[in-house]
Amino acid sequence: MTGDFGFNARIAEPLVKLALQEDIGNGDITSEAIFKDERGFGFFVVKDDGVVAGLPVVELVYHILDPSISVELMVSEGATVKKGDRIIEVNGPVQSILSGERVALNFLQRMSGIATLTSKFVRAVAPYGVRICDTRKTVPGLRYLDKYAVRVGGGVNHRFGLDDAVLIKDNHIRAAGGVKPAVDAVRRKVSFTRKIEVEVQSLAELDEALEADVDIIMLDNMGVNDLTEAVRRIRSVSPHILIEASGGITLDTVIRVASTGVDLISVGELTHSVRVLDISLELQENWI
Amino acid sequence: MTGDFGFNARIAEPLVKLALQEDIGNGDITSEAIFKDERGFGFFVVKDDGVVAGLPVVELVYHILDPSISVELMVSEGATVKKGDRIIEVNGPVQSILSGERVALNFLQRMSGIATLTSKFVRAVAPYGVRICDTRKTVPGLRYLDKYAVRVGGGVNHRFGLDDAVLIKDNHIRAAGGVKPAVDAVRRKVSFTRKIEVEVQSLAELDEALEADVDIIMLDNMGVNDLTEAVRRIRSVSPHILIEASGGITLDTVIRVASTGVDLISVGELTHSVRVLDISLELQENWI
Amino acid sequence: MTGDFGFNARIAEPLVKLALQEDIGNGDITSEAIFKDERGFGFFVVKDDGVVAGLPVVELVYHILDPSISVELMVSEGATVKKGDRIIEVNGPVQSILSGERVALNFLQRMSGIATLTSKFVRAVAPYGVRICDTRKTVPGLRYLDKYAVRVGGGVNHRFGLDDAVLIKDNHIRAAGGVKPAVDAVRRKVSFTRKIEVEVQSLAELDEALEADVDIIMLDNMGVNDLTEAVRRIRSVSPHILIEASGGITLDTVIRVASTGVDLISVGELTHSVRVLDISLELQENWI
Amino acid sequence: MTGDFGFNARIAEPLVKLALQEDIGNGDITSEAIFKDERGFGFFVVKDDGVVAGLPVVELVYHILDPSISVELMVSEGATVKKGDRIIEVNGPVQSILSGERVALNFLQRMSGIATLTSKFVRAVAPYGVRICDTRKTVPGLRYLDKYAVRVGGGVNHRFGLDDAVLIKDNHIRAAGGVKPAVDAVRRKVSFTRKIEVEVQSLAELDEALEADVDIIMLDNMGVNDLTEAVRRIRSVSPHILIEASGGITLDTVIRVASTGVDLISVGELTHSVRVLDISLELQENWI
Amino acid sequence: MTGDFGFNARIAEPLVKLALQEDIGNGDITSEAIFKDERGFGFFVVKDDGVVAGLPVVELVYHILDPSISVELMVSEGATVKKGDRIIEVNGPVQSILSGERVALNFLQRMSGIATLTSKFVRAVAPYGVRICDTRKTVPGLRYLDKYAVRVGGGVNHRFGLDDAVLIKDNHIRAAGGVKPAVDAVRRKVSFTRKIEVEVQSLAELDEALEADVDIIMLDNMGVNDLTEAVRRIRSVSPHILIEASGGITLDTVIRVASTGVDLISVGELTHSVRVLDISLELQENWI
Amino acid sequence: MTGDFGFNARIAEPLVKLALQEDIGNGDITSEAIFKDERGFGFFVVKDDGVVAGLPVVELVYHILDPSISVELMVSEGATVKKGDRIIEVNGPVQSILSGERVALNFLQRMSGIATLTSKFVRAVAPYGVRICDTRKTVPGLRYLDKYAVRVGGGVNHRFGLDDAVLIKDNHIRAAGGVKPAVDAVRRKVSFTRKIEVEVQSLAELDEALEADVDIIMLDNMGVNDLTEAVRRIRSVSPHILIEASGGITLDTVIRVASTGVDLISVGELTHSVRVLDISLELQENWI
C-alpha cells in the first residue's frame, strides 16, 4: 500500500478520478474520432533537472483510465534526474495513452516541482542537521499529494490539517487571556494524543510559552539574533521541546536560519508557489 | 448566478466543501477548545501589488462553514490592488473566522496569483491587440477556478477539456495519415458544434493544415520569423482562421510573439506555475 | 475505450450503478431466496425490427453486477435486426442473470428505440445529403447515452449542454438589443474555441444574423418556402455557415425540409418521446 | 413533505441536481455572456391537452438553481389542461430562468406525458372498477418520478424494485421445482412483511399457484377467455387474492381485459414509451 | 451474489469503504513507517462462545484494502463457535493485515454479537414454533448488516424501512379517526404490493383492527393473559393474519410470550444494545 | 460550530442524511398516506436514568427532514436525567415528526447510552484524578459521534484513527526488531507533530520502552501489582510520559486500576457494547 514514502493509492484514487472526469468529461473527442486500435509506446522525459515525484500517481491514472496500458517506471520515486532522462515507459492503445497524458502530466509535473524545490532546501540546511517541513498552504484538494511530494523531496510533514495537532496562535492566546490559559483549555478538551504547539513572535511571548510546557514552539518571523537567543532559552529550560522557525523563509535566507540551531524550518513556498518540473510524453514513431 | 466574469457558485461549491473537509476534518481542535462565543471582525489585506481574484470563493467558504459570518467585499473582483490594501471584511464568530482562514486564503492567494500574472501578460501585449489564453495545464480538480481566474486577469479561455473542442496534434495526424484525413475523421464523428483546431510545428505542416479548412491553427514552438510568415500565409488564404501561438512563451518573449500578428497567445505558466499573491487575514484587537 | 461510436464505459458506469441500486436496492429478494448456484444461459431476443444500440451497456450492467457472467455479443452495435434475432448471449449464475435482466433491458430497449427512430429519419433524408441531429430534449441523467444512441442510429450530435457551444435565441437577442450586440457580447466573454449559433424565426431576423458572422444558423419553425429562400441567402453570403432546420419536424415532413438544401435537421422526438424496441431475455431450459 | 400524491422533494433532489449538472456543466455560456441583472417573468404553457405532473419538480429545479426565482403554480398537480393553458408563472432573473428552462421542461414534459397516458387507461377501465398499475420498465434513474407520475395520472404503483415485494416467475418456478417449493423457499427466507406474487401463463399453472396460498396472482399474456376462467377459479378458491392482468395491454385492448373481472392491469407502456406532453416556456416581452 | 443468508457484497461495499476511510484516513502512519514488505499470516480467534456472523464482510474489508491478502474462512457463516476457535486465516503483507484489523473486527464482533444474541432468543422459543424478528432500532448506517446478522442468528427480518411495508400505529389511527379509516387511506394510496400491519395496545383496539382486514397485527406491550386472548380472537376470525408480539421482551420473558401462540416476537435489543462477541486477530510469529 | 463538547454539525450531516435515506428510502408510506397537514407537538421522554447525549443530532435530523419543525431542547447536552424527564419538545407537521422519529431516537439512544456508561466510569475513578478514554472499537461509520458522546459523558478521546497518532504494538516491535528501532523508524517517517505511544505487556518491555523516549506508554492487560510497579518506574525515569492502562477493564475493576496511579484508563466497552438509554417520543393528544 505504500512504498518508501508512504504513498496510498486508495487515498489518491478519488483525486485521480476527479481529475480524469474534469479533463475528459464526455469524452476525448479528438482522439476517439481519429484512433482505432493502434497500439504504441512512449516515454515520459524530463526537460529540466530535478527530483521526480508522482510516479505512482501516473500508474494510477492509466490504471483507472485503461488497465490494458502497461506503465513501467524507469527510475525510482524520489530519483534525481537530468534533462533528457526517460523516467516512465507507457505501452498500450495510443488513444488511451493520449487521453490520459495531460492529467498524468499535471500531477507529475506539480509533484516533481514540489519535490525538486524541497530537495534544494533540504540540501541547503543539511550541514546543520535541520529538517525542512511543509505548511497547510497547499492547493485545495491536493493536500495529501502535496505533502507526499514534500516527503519525496526529503522534507518532513507538519500537521495535515486542523484536526490532528494543536497550534496555538496569537488570536487564540488573546481569546484565552494568555498562553497558559490557552494551553490549559486545550489540555482539558483535546485528546491527550495530540501534540501542542505554540506560535510566538517575540522573546517575551517565548518566556510565557516556556512556562506552559508545550511540545513544540514555533518562532515566527524572528530575526537571526532573536532566533539564536530563543533557541538558547528553550534548550536551557526544556531540551525536549521541538523548535520550529517559520515566516517567509527562502532559499536565500534558509541557511542563516538553520545556523541558529532550530530543529525545523517550515516553508510555505514548497507548496503554495510551485514551479512545475517540465516533463513531456514522447510517443515513439512506430505503432501498430 | 455569475457576475462580470461568470462565476458560478453551484459549480464551485463541491470544491469548497472538499477543501473544508480536507483542512478541518474532524474539527479545528485548537479553536474549538479555546473559543466560546467571541465575535470579532477582521480584514483580508494584500501584502503585495497585484490583481484580486477569488472574492466570491471566500464568500462561499464562509457561507458554507458558518452562515452567521458576514463577508463584505471592499474591492471588486479583478481590482488592481496595492500592498496594504484591505479587500474583504469578515465579521462574526471568531472561531469560525479562524477555522476557515486557511482554506479561504489558499483559494484567494492562488487565484489572485493567476490573475496577477495573467494581467501582466495581457498588458504586455495590449498594444498589439493580441489576446492571452490559458491551457489545460491546471491543477487537478481546480480547472474551473483556474480558468475563471485567468478571465479575471483579463485573459481568455482555451477549451475547458478534451470534450468541448477538437485539437489535432502530431500524433493524431500521424495516426490518420495526414492533416486532411485527420480533419475528415473528426468531421465525420464529432458534433458539428465543435470547432476544429490543428497544431502545426513547421511551415510545411501549416500548408497542409490550410488545405483542410479548420477553425483555428496553433503555431507551436515557432520562432518569430516563422510565426510572421505563418501569419502571412494564413491571412492570405483564409482570413477567418484564428491563429494561436504556443510553446514556452514567457513575459520576456511574449511581446515579440505578439508583434507577429497572431490572434492569441497561450501560456501554460499562467496556471501550472503559479506564484501566489500574498494575502493575510488580520483580526482586529477588540472583540466581544 | 470507445468502439466505432465512441462509447466510454467510464462515463456510463455511474449511470449503470445508479440504475442497479435503484432496482435492486437491498437485494433481489425473490431470486436470492430461490436460487442457489444454478448456472444457465440465455439470449436477448428482439421482438420487433429495428437498430440495436446499447450492447456495451448490457456488458457493463452484468460486469458490475457479477463479473462471473459472460456476455457475448452476437451482432454489432448499430446492427439492423429483425424480429426474432438473437443479439446477446449471457451465461453464468442464473440468479445474477435474472437480477440484472430488467436494468439491462431498460437501457437496451430505450437506446435501441432511439437508434431505430434515428435511422428512419437518416434513411429518409439520405438522398439529400442532409444530416439528422439531436437536441437537449433528453431524459434527465441519460443525456450521454441518449446522444450516443443517436450516433449509433446514424445521426449526429448537437451540443451536449449549455456549456460547450453558444446558441443565441430570441430572448438573448432581445436582452442584448439585437443579433449583432448579442454576438459581440458572446465574442467578448466566451472561449474562442466555441462555435456560435443563432436561432432565427424569419427572413428579417436571418438578414440580421448574416451580418453578425456566426458559425451556424438555426432556421426555427419555418415553412418550406422560407427555408428555401433562407438557404439561398446564406449560401450567397457565407458559404461556410452551417444551416440547421428545427421545430417539430416529423418523419412525415422531414423529406420536404431536407429538400430545401439545409445541412442539418434537428429532431427533438428522437430522444424526448422514445418508443422502446421490444427486446426480451429468454433463458434456456437446461441449466446446472 | 408530500402533497396529495406523496411527492418527496428530499428524494427527488439528487435527480434534479444531476440533471442540472448534466445540462449546465461549467456554465450556461450563452446566457452568462449576454444577461446582466435583467429580471422578467414568463409562463409555462401547455401546447396539447393532457394531465399535468411534475409541478413540484419545476419548483425544485428553480429553487436549487436560483432561490431568488419565484415559481407560482397556476393549476394543481394532476390537473386536466387544454392546449394554451398557462400552468406555471416564473419570475426572477432572466438568465436563471433560461438556464433552468430545458431541465425543467425535460422533467415536466415527460412526467406530464406519463400522467396523460395513465389517465387515458384509468378512464377507459373506470366503469369496471379496475385499477391501472405501472411496472419496473422505467427509465434508469427516474423510477421514483416515473412512478409518482403514474399516481398523478390516477394509476397505482406496482412494487418499486426487486427488494420490496416477491414476484415469482417461470424461471424461479423451474429452479425451485414447482410453484409450491418456490413459495416455500421464499417464505423461509424473505421477511414476512413482504407480499408474494406469482406469475402464471396458463390455467394449469394457475391451479398450482392456487394451492400455494399467495397474495397476488399475475395472469400473464392470457386471452380474454382464459382470463375470465382464471378469475372465476381464483375467486371461488380464495377471494382475498389480488388478480393482476399483464402483458402487452394497450388502450385498444384494455377494456376487454378489464371486463374479465381482474383487479389490476399493469401497463409497461406507461413508462417505457412515453410521448411527452408538449409544454413551453414563454417569457413575456417586458423585463427590467 | 449471496450465500445462504443473502449477503450482497455490492450493497455492503460502501459501508466498508466508509469504515476504512474513517479509520485509516490519510494513512496508517505507524504501520507504514515500520513495515516494508514483510508477509505473514494469522488467525481471527473467538474469545467467547457464540455464533459467527460477518465473515463475508471481513473478506470485503481485506479485498478492498489490499487484494493481495488471502482470506480463508475456517468456519461457515452462522457457525456456533467456542472460545479459542480459529475462524479466519489471513495471509499477506503484514502492514495491510494490521491496517485493516480494527475495521474488520469492528464489523465482525458486532455482527457476531447480534447473531449470538438472536440465536439465544431463537433457541428459547424453538419449542413453540415461534419466530424471532428484528426492528428498525438499528445503528444508523448499518441496518443492512444488522438485519443480515439477525438472519444469520436464525431470526427473521421485519420491514427494512418506512418505505416497504405499512405499520399503522396509534398516532396514525388518531389522525385518521380510527383503525378502519386509517387502513382505508392506506389502501387508496399505497401500492397494493405492500402488506398492512396494525399495532394495537388493547383488546378493544384489537377488535377494531380485526374489522379492517389487515395482513399483520402487532400486539404491543400486552401481558400474557391479554396476548392469549388476543391470539384466540384473531385465529377465530381470520386465520391468515400474522400475529406479532412486541414491546420490551427479554430473554427472561420471551418464553412466556411464545407460549401464547403468537407467530412472531420482535426484539429491539437484538440490534439496539449489542454486546460484541470478543474476537481477536493473532498474527503468527514467523513472517518473511 | 461547536458548543461545550465540540459538536460539529457539518461533520455529522452526512451521517444523518445516510440514516434518513436508509430508513425513509422512497418515502414513509404509512404516514404519507394518512396525514395531511395536521400539526402537533410532543416530547422526547427518557425512560431510565442516565446522561443525555445527541441533542444536536436530533436538531439536525429534523432540520434536514423538514425545516418547518421546531426543536426545543429542554435540558443541556450532557445533563443527568431521571426516568420520566422530558428532554426535547418538537412541534410541527405530525407527518414529518413521525417520519423522523426512529432515526432521531436511534442516534439519541445510542449516544446517551455511551454517555451514561462513560459517566459511570468517570465517577468511579474521580477520586483518583484518573481520566477515562475511549478506543477505536466504535461502530463503523459512527466514530465521530461515538467519540463525541464519550466526551459528553465526561471521558476523553484517544486517537481518532490510524492517521493522527502513533501507537506501536507488539507486531510493530517484532517487525522492527525492538522498541528502539521501531520508535526510530517512526521518528524518521512520521510527522513530528504526532505523539508516539508504545504498548507494553510486561515490565521487561516497559524498560525497553523507557529507553526509547516516547510520549505515552500503554500498559496492556497488566495486573494491579505490575501496574503499580510500572507507574513507579515510569515516574522515576520520565515524569512527562503519560501512562495509560488498557485491556478488558470493567466497572468492577476500574477502581483498582485507577488506584495504581495511571493517568488514563481506556475502555473499549464504552463504544463497542453500548446499552441504549431508553427514550421515547410522546406525541400530545391535541393537534390541529
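Note that the chains take the letters A, B, C, D, E and F in the order they are written out, and that residue 1 is the start of every chain.
By definition in this document, a residue touches a chain if its C-beta (ideal position, glycine included) is under 8 Å from a C-beta of that chain, and two chains touch if they have at least 3 such contacts.
Nothing here was measured: the structure is a model prediction, and the numbers come from that model.
Visitor: Please report the smallest number of touch steps linking chain A to chain D.
Guide: Each step joins two touching chains, and the minimum needed here is 2.
Visitor: Identify the chains adjacent to both chain D and chain F in the sense defined at the top.
Guide: B, E
Visitor: Please identify which chain has its centre, taken as the mean of its CA atoms, farthest from the centre of chain F.
Guide: For chain F, the chain whose C-alpha mean is farthest off is C.
Visitor: Over half of the interface residue numbers used by both chain A and chain E, so same, or under half, so different?
Guide: Result for this pair: different.
Visitor: Please tell me the distance, in whole Å, between the geometric centres of chain A and chain F computed from their C-alpha atoms.
Guide: Taking the mean C-alpha position of each chain, the two centres sit 33 Å apart.
Visitor: What is the distance, in whole Å, between the centres of chain C and chain E, each centre taken as the mean of its C-alpha atoms?
Guide: The computed centroid separation for chain C versus chain E comes out at 45 Å.
Visitor: What are the residue numbers in chain F that touch two or more other chains?
Guide: As it turns out, chain F has residues touching two or more other chains at 6, 24-27, 29, 32-33, 99, 144, 160, 163-164, 189, 191, 194.
Visitor: Drawing the touching chains as a network, do you get a line, a ring, a star, a complete graph or other?
Guide: Here the contact pattern is something else, fitting no line, ring, star or complete shape.
Visitor: By the touch definition up top, name every chain pair that qualifies.
Guide: Result for touching pairs of chains: A-B, A-C, A-E, A-F, B-C, B-D, B-F, C-D, C-E, D-E, D-F, E-F.
Visitor: Taking the complex as given, what residues does chain F use to touch chain B?
Guide: Spelled out, the residues of chain F in touch with chain B are 1-2, 6, 8, 10-11, 144, 160.
Visitor: Given the complex with chain B, which residues does chain A contribute to the contact?
Guide: So the residues of chain A in touch with chain B come to 15-16, 18-19, 22-35, 38, 94, 98-99, 102-103, 105-107, 109-110, 113, 136-143, 160-164, 166-169, 171-172, 174-176, 182, 185-186, 188-191, 194, 272-276, 283, 285, 287.
Visitor: So in the complex, the part of chain D that touches chain E is made up of which residues?
Guide: My answer: residues 6, 131, 133, 156-160, 163-165, 189, 191-195, 197, 215-216, 240, 242, 263-264.
Visitor: For the complex, give me every residue of chain C touching chain E.
Guide: Within the complex, chain C contacts chain E at residues 20, 24, 26-27, 29, 32-33, 64-66, 93, 95-96, 99.
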